[in-house]
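Here you go, one structure.
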Amino acid sequence: MTRSLVGTPALFIPGPTNVPERVRSAIDIPMEDQRAPDLPEFTLPLFADLKKVFKTESGQVFLFPSSGTGGWEAAMTNTLSPGDKVLIASFGQFSHLWVDLCQRQGFDVEVVDVDWGEGVPVERFQEILAADTEHEIKAVLATHNETATGVTSDIAGVRGALDAAGHPAMLFVDGVSSIASIDFRMDEWGVDVAVSGSQKGFMLPAGLAIVCFSQKALKAAGSATSRRCYFDIADMIRTNKDGYFPYTPPMSLIRGLRASVDMLFEEGLENVFARHYRLAEAVRRAVSAWGLSLCATEPKWHSDTVSAIYLPEGVDSGAFVKYAYQQYGISYGVGLSKVAGRVFRIGHLGALNETMILSIIGATELVMRDFDVAFQTGSGVAAAVEYLHESNKNIRDIAA
Amino acid sequence: MTRSLVGTPALFIPGPTNVPERVRSAIDIPMEDQRAPDLPEFTLPLFADLKKVFKTESGQVFLFPSSGTGGWEAAMTNTLSPGDKVLIASFGQFSHLWVDLCQRQGFDVEVVDVDWGEGVPVERFQEILAADTEHEIKAVLATHNETATGVTSDIAGVRGALDAAGHPAMLFVDGVSSIASIDFRMDEWGVDVAVSGSQKGFMLPAGLAIVCFSQKALKAAGSATSRRCYFDIADMIRTNKDGYFPYTPPMSLIRGLRASVDMLFEEGLENVFARHYRLAEAVRRAVSAWGLSLCATEPKWHSDTVSAIYLPEGVDSGAFVKYAYQQYGISYGVGLSKVAGRVFRIGHLGALNETMILSIIGATELVMRDFDVAFQTGSGVAAAVEYLHESNKNIRDIAA
Amino acid sequence: MTRSLVGTPALFIPGPTNVPERVRSAIDIPMEDQRAPDLPEFTLPLFADLKKVFKTESGQVFLFPSSGTGGWEAAMTNTLSPGDKVLIASFGQFSHLWVDLCQRQGFDVEVVDVDWGEGVPVERFQEILAADTEHEIKAVLATHNETATGVTSDIAGVRGALDAAGHPAMLFVDGVSSIASIDFRMDEWGVDVAVSGSQKGFMLPAGLAIVCFSQKALKAAGSATSRRCYFDIADMIRTNKDGYFPYTPPMSLIRGLRASVDMLFEEGLENVFARHYRLAEAVRRAVSAWGLSLCATEPKWHSDTVSAIYLPEGVDSGAFVKYAYQQYGISYGVGLSKVAGRVFRIGHLGALNETMILSIIGATELVMRDFDVAFQTGSGVAAAVEYLHESNKNIRDIAA
Amino acid sequence: MTRSLVGTPALFIPGPTNVPERVRSAIDIPMEDQRAPDLPEFTLPLFADLKKVFKTESGQVFLFPSSGTGGWEAAMTNTLSPGDKVLIASFGQFSHLWVDLCQRQGFDVEVVDVDWGEGVPVERFQEILAADTEHEIKAVLATHNETATGVTSDIAGVRGALDAAGHPAMLFVDGVSSIASIDFRMDEWGVDVAVSGSQKGFMLPAGLAIVCFSQKALKAAGSATSRRCYFDIADMIRTNKDGYFPYTPPMSLIRGLRASVDMLFEEGLENVFARHYRLAEAVRRAVSAWGLSLCATEPKWHSDTVSAIYLPEGVDSGAFVKYAYQQYGISYGVGLSKVAGRVFRIGHLGALNETMILSIIGATELVMRDFDVAFQTGSGVAAAVEYLHESNKNIRDIAA
């Protein structure tokens, strides 16, 4: 099968991300009783701490055993009724799938198509909202970080659009590949439902949707008639308040989540965000030095969690990704849908550091060299090293 | 908090069950790319082998990142339309919750209430089905093993009732706490959807619903109008056929599932069932020797995966369970709903052997002694030892 | 091969003992640099804490990558010169092996042979020491707990004999299967070298000898001419003081040792000893109820870490142990040397609790029943349950 | 303490090396009975397979719970008597320590001092051996790979020197940092004792010396009068033949060794050696591109397991190594003894692949940049990438 079975595989997909040893240890435990008398001593502080990750005081966080897709379903079905109108922009595979979910759940979806490589069109949204004088739009949906294109959108801007239009619609954010990696402010930005997942910035295996509802969204659940049971927050609210769950929770993941949140707090959320920016920028410098371009069309769209990189004309990015995996044990993200065959993606989120980022930049040079991609060997690493060197004041201090 | 933090806790809840070391090792791995080129070499044989666990040749197995409750939702929403009539008996907490789910999903639920301690009323079902000459009932729902009361129902009998009535309704089975522990025969019994979960007989952590659809059920999905997206088997069918998933799968659990299925096959499914019977019977002999009685009213209802045991009048089973946990690190199942405070439950499913069963019988004697429950000390272990000794022909052969 | 591969094997040998999950987690880590700048922050407090386990203030603890046998060699070669006379009693396989080691290292060994089932003959020692007016005896060697016979000796008594005789010999103690399980007092008892190992009361895998030297023993090293290099404490002293080691240390075990020591302190050493006594006594009550007898001839020799139990005449204990392993996955200690074929041993040390002890008592009843050993089924568990119930005041308080 | 606690630390010391996941899983197991009836089914094939790693048919491999230093002691004390003359060259910290051990064990050591950066002086050895017409030299000691300087010696050459001189002395080889990484041929080169350790090419934690004796060496044990007990092969021979050990073996490491040997065989020993050469050469190309030089003075001394690299005058390699650890979580080998402060070492042995090697080359560029070491940024990675690209025929085939 693959040749390079030896050594540690290099996992640079935009999720699942590398699980830190400490989190692995926290997960790899014997089973426990999900109805144990002392479980609330564990769960209640965890629920409280998760709110800090979302930067909310009034919101409530729910943990569903599901993927992020289930988180979307929880967001939509708990707050809306079939036929309700929602506004969303489609500019990548994941925003596209969200549209699809809304349609299948029976909502009236107003889709704004945007070129892949750009993000939520704030001004266009504002126009639409301003025009919606009847307030038929019940929710505005925004993909914070489009994982397929490496594009980060301006959620504060969307909030601004709602406010400028004086529109009462709820604001839902897909933060699956942003929250805990890129700054996210539930309360400040007036977000009503934020959806995240375990396998990205939370550095856990897949299997847990982490969803935060504002008080407004919680209230909306009272009148939402979408049929729901598994994802019904009512059952969660009733049992979570005592520290339990309505059905068997995936306790090993939840134990791991405790370790993950501890690690985020020990590093400091702002430091986590700064680290993600710095490592992402190192990758971008390398891409630029190689003479390649990103899918994200402008710096304002640059994602600090994933870079989608165009290979030169004539190079099949699917073959490139497959070769890297088989030859060197490297996992890149493939190009999806509209950019299939053209981009490959480097996920740079989660438990990463300088050495790891330099490993994927260096290894990408080797893969490109094998694939006869024209570039100056060493140039990407050189650019990344120079940037990492210059950007880190602490380094210079210590070295002095 | 608890006193006995030392040593291995004794986990005898009816799920999650004890995860074997081999399964733990299979789960505790670095993350991997769920779109890797060689993933199908792993997933396709696993899907094929899972069919053998359900004893089906024509069915198809799906893996949803969810609890068993999600499995129910997948079963119902993929095959039925709102307003469709379903027939179900309620005789315990879990059959009750299934009723609830059906109602919330908008089905017309005909509930037959049965005393807790009994199972699916086959004759009553047959009468109802025979009377339904218009075939308004689209599905008959049967809880194979009611975890709350330790009652196993006769699924072959339900199939017989359907056949005797010449009724075309689909047959859905909740096998969460039976499949892979108690004999289950998808094809032979004409089951259309069978729902199981990772954390019982499959000896894995919670987080995976394992659901099997017959060809008839798969076909029903074509016309079922229940709104669904996360649990839509259409997405699964489209991607699973190539060995992939429609959204990020919980690969660590799925890797563990491979180990679990390997273990089931190496022991042999029939041997697994025989072992469960034998260990369950040892518990029942002990219960009888103690002078206590089971919630299951007759031997035909005896469950080989969980025993719900009545404590004498005046002994609060909730306090009993809490005490055992805090004093000795023992986890029993509590009494739920109608039998709260009256029964405690010993789960005896999954990766158990004679020594482990004797540990919980012996330890239960200690807990009862501390709680001033009147019984002959040693009698339960004596009865279990005698039974285990007598029942095992191999033992006598070897000892000879 | 073995039949009962299913479920958790029952490990009741007198070492290696069951490794707690927390210790396993501490061990299962990526490798690290044994010369890292921050290693002393870890090692120096560990060395200090280990002294507390030995109950010494002035002594020094060394960690050798070796078995306990290596610990003996370190004790002897660092403090004595070839031809030096040592006094030791032989009353079991392990005291016998210590004699052998002394002879092979060239010492003049005065061996007092004692019946197996008894311990160090304090009065006889006192006579010999009193008679040694020339003080030719340089060291008195005492096996604190003879693992082969389940006999614990009176180390304070040996110190008393030395003092009564006014003899300046050093006192060396083999505490491999006692320290961290049975009370041991380095300073109070005037012990000069105490040898322990990782795989007993320290609840770690085998691979580390943990040896404590008194100041007197450290001084003796200056003039001892036994050839030594690997086990030379001089190299350890020189490097340990800065937190490092003279050669590559087994850091994963040492990380585990930190967790182990933390657990011992959290439970409290005296509570650890009391727990060992209580669980050992439960086993002894069961043995007595079965009508069997211990190898230890009197209660004063009873070991709280291991019981060597005579099977009735005509029952081959070797076959009994082998059968238990193959049929039920139970590991007992076999009978060694003089008691081979006659005794089997239950190790009851390390991370054990009531449920675990009741499991081996119950399972032993099953094995005896299969082996046609005459006894009253259930009697052992009954005696143990009654004892555990009565002995624990806290239990009654809570139950009240 | 350290800043970069996030992400995977980069371990590039020359041992302990990175433990593969598969080996970690094999080690992280519950304890087992070292006297279990079925243990020989595991141990006997392992002993047989270990011989293949040493490339011997007639030799015998022993496993001592100890570091490699203990392996030396086993080699010397089992085959020689105090006063016996041995010939050895000293050209680095580890050959120096072997001299020290020999002296402390009472042998008559003829030391040939060689400049650090060179290896065993074959011609000088031949002269000495030829001059030793009385055959007073009983053993010739050769350090196959001097870990302190990154120098590999010519063991076949030493055998040639012995043969040319017609000298009957035994040939002992320290293969701690070579065996299982660099080609070693016990039988073909007429080696009599070869010493290795678990924590290098065997990819295990430290704690196991792996020592191979030829028939000639085994016979020498009969007359060797060095005092020994812990390291006495006689006890091992007596118990190993039945698959057991003379004292408690570190079974978790030995289980891990099985996995390690399996991995070596699956890759193929010759492929393992080729991979080590290739990755080492990539490092050497980078060193050269940076304008730095190796401690090894000539290509013939180049070690494929560790490179000792001189930093420019004025750069303190100790501070460099400490900074890399604290700032980036990188562990290099420090400069030892004569080259302390001047060299740092990159260990490139064990479970490594291209991506990992490129990570340390890239990261070293960052550290050097921070430290104001003059070099062309990117040049090392470029040279390594070009070499890795050119050297791998398979790559080009696949890419075509």
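Every chain is named by a letter (A, B, C and D) in the order it is written, and numbering of its residues begins at 1.
Going forward, contacts are C-beta pairs under 8 Å (C-beta built on N, C-alpha and C of every residue); 3 or more make two chains touch, one makes a residue touch a chain.
Since the structure is predicted, the reported quantities are computational estimates derived from the model, not experimental observations.
Engineer: Going by the touch criterion stated earlier, list every chain that contacts subunit B and also contacts subunit C.
Structural biologist: A, D
Engineer: Report which interface contains more C-beta contacts, comparing B-D against A-D.
Structural biologist: A-D
Engineer: In whole angstrom, how far does the Cα centroid of subunit C sit from the Cα centroid of subunit D?
Structural biologist: 35
Engineer: For subunit B versus subunit D, what separation do you get between their C-alpha means, in angstrom?
Structural biologist: A distance of 53 Å separates the two centres.
Engineer: In whole angstrom, what separates the CA-based centres of subunit A and subunit D?
Structural biologist: 45
Engineer: Among the residues of subunit D, which ones contact at least 2 other chains?
Structural biologist: Only 8, 18, 28, 30, 326 qualify.
Engineer: Building nodes from the protein chains and edges from chain pairs that touch, which of line, ring, star, complete or other describes the result?
Structural biologist: Drawn as a graph, the chains make a fully connected set, so complete.
Engineer: Can you list the residues on subunit C that touch subunit D in the complex?
Structural biologist: 1-2, 8-9, 11, 13, 15-19, 24, 27-28, 30-38, 41, 65-70, 72-73, 82, 100-101, 104-106, 197, 199, 205-207, 226-232, 246-253, 322, 325-326, 331, 333-334
Engineer: Along subunit D, where are the residues that touch subunit B in the complex?
Structural biologist: Within the complex, subunit D contacts subunit B at residues 21, 25, 28-30.
Engineer: Quick one: which bits of subunit A touch subunit D in the complex? Just the residue numbers, please.
Structural biologist: For this pair, the touching residues of subunit A are 3-8, 10, 18, 20, 263, 267, 275, 323, 326-330, 351-356, 358-363, 365-366, 369-372, 377-386, 388-389, 394-396, 398-399.
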